[in-house]
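Both complexes below contain chain A, partnered by chain B and then by chain C.
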Partner chain A sequence: MDWFELLFAAEVAVGGLLSGVMYALVAIGFVLIYKTSGVLNFAQGAMVLFAALTFVNLVERGVPFWVSVAVTLAAMTALGFGIERTVLRPLANRSPMTLFMATLGLSYVIEGAAQLIWGTQVHRLDLGISNAPFEVWGIFISTFDLVAAAIAAALVAALTAFFRFTHTGLAFRAVADDQFAALAVGLRLDRIWATVWAAAGVVALVAGLLWGARLGVQFSLSLIVLKALPVLVLGGFDSILGAIVAGLVIGATEKLAEVYIGPFFGGGIEGWFAYAVALIVLLVRPSGLFGQKRVERY
Partner chain B sequence: MSVLLEFRDVEASYGGAIAALHGVSLSLAEGEFAALLGANGAGKTTLLKAASNLLPAERGRISAGHILFDGQDVTAHDPGDHLRRGLVPVLEGRRCFKNLTIEENLITGAIGRGLRRTSIAQGLEQVYDLFPRLKERRKVAAGLTSGGEQQMAAIGRGLMARPRLFVLDEPSMGLAPLVVTEIFEALTRLNVETGLTLLVAEQNSAVALKHAHNATVIENGRSVLQGRAADLAARSDIRDSYLGGASV
Partner chain C sequence: MSVFSASVTGARLATGFSLPVLVVLSLGFVAVPLTASPYVLEAILLPFLALSLAGLGLNLLTGYCGQVSLGSAAFMAVGAFAAYNFDLRTGLPIPVSIVLAALTAAVIGLVFGLPSLRLRGFYLAVSTLAAQFFVQWALTKFSWFSNGSPSGIIAAPVIELAGLRLDSAVGRYLFSLTIVTAITLLVHRIVSGPEGVNLIAVRDNETAAKVIGVPVLRTKLVAFALSSGIIGIAGVLWAFTYLRTVEPAGFNLDRSFQILFIVIIGGLATIRGTFLGAGLIVVFPLLLGRLSAFAFDGLIDAGLIKLIERIVLGGTIILFLIAEPNGLSAILSRLSARLRALVRRG
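And then the complex of A and B:
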């Protein structure tokens, strides 16, 4: 490989890493809920869509930017609390499959509601972040992608600090560790779950804004769950760090694969490459790179 | 002395079919240290979980009889409500939060009770005074500590919730005799110094009878024998017939 080819490869990888940040963001929403309640929340994608649609419609109706952010944030929190109350609490102690099916149904309800409230047209979303590429050591990097990555990193840092340093965060980690013991210790599981759903709503909002600004706000936005699933398989369903690393790995490898292996398949492998990676991981290490192996009770 | 906890002909089953208790009666006075003895599968754990209303979380329920804590039927409240009223369980198998440090484990006990930071600091001091070993290990993930340390952490976590009635399920399980003695001596100290009421389920009848005031023996889900611990300890026939001949 000569110098230019190397630069090009690096540019592809960096672009991939930055879109990987977005995958990670969606995956983290899953992890939060899965860790505390063992529910694989298929509705996370619908929540992303709902957040983006709500925001963009408010802005289009002339509501100031930060007010729209605040209102959408409130809406997502309310949605999270509402889901916990009406769907999860009545189904507590049911099998994981029942809960998964419930969230699958929920994702259609949310999408339907979003459609009813906000209509079906595609919206452009402008967050006021420049899209001009800039150059570092001969590599072109998208400003937007870099800012998006910084926002995602700030969100992850905030979440981490919350879980590390607050009592609610400590209670969250306790529930994630041993639900029955948490119940016996008197931790209020329903409040913790409601908080987690609200946090997942906030993550969905950030993901929705960033993805929406990149691709336009439209119904296909809810399909990013399908990008998050292989990330979860690779990183482990219960690890936030795993979601981040796996998001980056999948983002970078799928772009590189598209460029270097793609031509042998006639291109278009970006769509399924992540799943091929996930499949291999499932065969080799079912708990993912960072997931906890289930420890048998004595 | 007033009765703090009372079981009246309690029957319980799991999943609507598997009967685990067939009539257990037992009452516990304030300030008492009581032991609940019985062989594997006798129903000790089921009885203790029933007291905290933890059976529904395991798809079990009380099918007949009553359990009264402080005069109120326990099925009317959540486990957390009972805990905040002073009925604090320490589960079988310790059930520490393995990924949390020892100190974080202790703090969860106080969070469950709804305590503020200053009371938490006080509680930590008391627990470390009772189990100095926990203080040395306070920054270590509970899953990496020894069985004895985990048991102490589980007991400490319970104490952080300021119990009036402390209910422990087999605290001696899988521990070396020296550690078992240390733990029972700590429990006795709590009982004597603070008047804490204790109900302790044990298979290790020797150590339990040595420290408790009274004991109830259950067999196949029924209470079959009740009396002063010292009297029961003196009768070797009881050991042989009900407690699987557990050696002293």
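And then the complex of A and C:
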């Protein structure tokens, strides 16, 4: 392998790492909800779609950028509280699998409603971030990807600070550690769940804006949930750090595989390759890279 | 516990052809072919039979054995394409091709069931998605599977039995119904026999099952193979008797979810529930279409109806999970109990 090929490989890997950050961004929304309520929220992708559609339609109707962000945030918060009230509360104390299936139904409802309200056409979303590549040691990196990674890092920092230093964050951690103990000391489980779902809605908004700027805002945005699932399986459903590391691992291996292994199969392997990677790692380490080790993973 | 009791009542009902089963079978084999219009056969009964069978296969795995799979449509695709290729390349009679297709789907199901030996719950559910994406990719990528057809959509062969061409809607319906009936009986035998007890033991408590000597790993793999084989045959029926084309696009993730929804709405671990669920899933969009055409006189376009259908379907799933987790089967049990009480009193 000569110097140029090596450079090319490095460029592919860096591109993969950066798109891995985008996967992690979606996965973090899952982790938030899974940690505090034990629900694998399949509707996270639908929430991303809902947030992006709401935002882009407001902007297209001439609402200023930050007002649109605020309105969408309010909508996502309302959605979180609504879901807690109508879906989670009646299903409290039911098996995690039941709740998972309920979120499957929820994803249908949100996807349908989002498109019913805002229409099914494709929207362009311009966040004003330049897409021009720049060069670092001979490797071209997309500015947009780098800014997206920075935003994701800021989001993770904010979430970490929130969990560590605020009263609500402490309550979140208490519920994640032991639901019954948290109830026993007087924490309001319903309010905490609603808040967590609202927080996941905020993460969905950020993910929706960045992914929407990249792919256009349309129905397929809700399918990024399928990109996030192998990341979650690999990183463990309950670890934010795991989601990030697994996102990076899967992003990089996926892009490298697409370039170096894909041609042998006629390409297009990105649909299942991430799942294969996750499965192989899981066969060796059943709790994922960072997941809590328990006898039963239910 | 309640799931278990529902499965017991279901078993009692069907043992040795009880009256309701006989009525349904005679209606299906005699009355329907004589009276049903081609529209009812083509648009309702044929997809209903194929989806019921797929639901039955998934129910065996998810309802009885407790392993959630999100990749059912992949095994339908494997079955359909395998049957097509066996028929095309070997010239064997169609029933033999279908059996071989079922075996192929079972083997592929076994392979994708291997993670279940180490993974549980969500980790397993997500890993079954690998089957969904891998199979769909392989079938579209390698044109050998579709015999080099440029569009990837191929006409399914006409079903021939002993020189008889089952080309008409009634012929395809009877062929489909015969297969579905036979497999339903087989599944009923399995779940009410010792193997069924093993499945339920693995579902309810794996550790306890292992302690009392249930071969947990073997039971899981058998469940995966059997379930995939049955779903594979459902794929053959879907492609050969209903659509009459074989294409990978129809066996997508939405189809997998549809089959899961059939099982949830019908009731986990009930055989008749699966048929009720499939009936609802097939009839509901048609009803919605009719209703909107009637109420709004074509003011609502088809795209909008699709969205409304999605919302109502999702809402129905949530509603069933909240209000009736044992599904339509439990509702039917209650209704028939109430009816029986009325008859006794009157």
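A few points about this structure:
Just so it is clear, the second predicted complex is superposed on the first by the 294 of 298 C-alpha atoms of A that agree within 3 Å, B and C clash if a C-alpha of one lies under 4 Å from a C-alpha of the other, contacts with A are read in each partner's own complex, and residues count from 1 in each chain.
Throughout what follows, a residue touches a chain if its C-beta (ideal position, glycine included) is under 8 Å from a C-beta of that chain, and two chains touch if they have at least 3 such contacts.
Since the structure is predicted, the reported quantities are computational estimates derived from the model, not experimental observations.
Once chain A of one complex is fitted onto chain A of the other, the partner contacts of A:146 are absent, as it touches neither chain B nor chain C.
Of the two partner chains, chain C is the only one touched by A:87; chain B is not.
Of the two partner chains placed around the shared chain by superposition, chain C is the only one that A:107 touches, whereas chain B remains out of contact. Applying the stated contact rule after C-alpha superposition, one finds that A:278 touches chain C and leaves chain B untouched.
Note on chain A: of its two partners chain C and chain B, the one contacting more of its residues is C. Once the two complexes are laid over each other on the shared chain, residue contacts for A:116 go to chain C alone; chain B is not touched. Contact with neither chain B nor chain C is seen for A:63 once the two complexes are overlaid on the shared chain. Within chain A, the residues touching chain B in one complex and chain C in the other are 297-298.
By the touch criterion given at the top, residues 93, 167, 170-171, 173-174, 176-178, 180-188, 297-298 of chain A touch chain B in their complex. Only residues 40, 86-87, 90-91, 94, 96-98, 100-102, 104-113, 115-116, 120, 226, 229-230, 232-233, 237, 265-266, 268-269, 271-272, 275-276, 278-279, 282-283, 286, 288, 296-298 of chain A touch chain C when the two sit together in their complex. Only residues 68, 115, 118-123, 125-127, 129-130, 133-134, 136-137, 141-142, 253, 257, 260-261, 264, 303-304, 307-311, 313-318, 321-322, 325 of chain C touch chain A when the two sit together in their complex. In the complex of the two chains, the chain B residues touching chain A come out as 52, 54, 57-59, 79-80, 83-84, 89, 91, 93, 95-100, 104, 107-109, 111-113, 157, 161.
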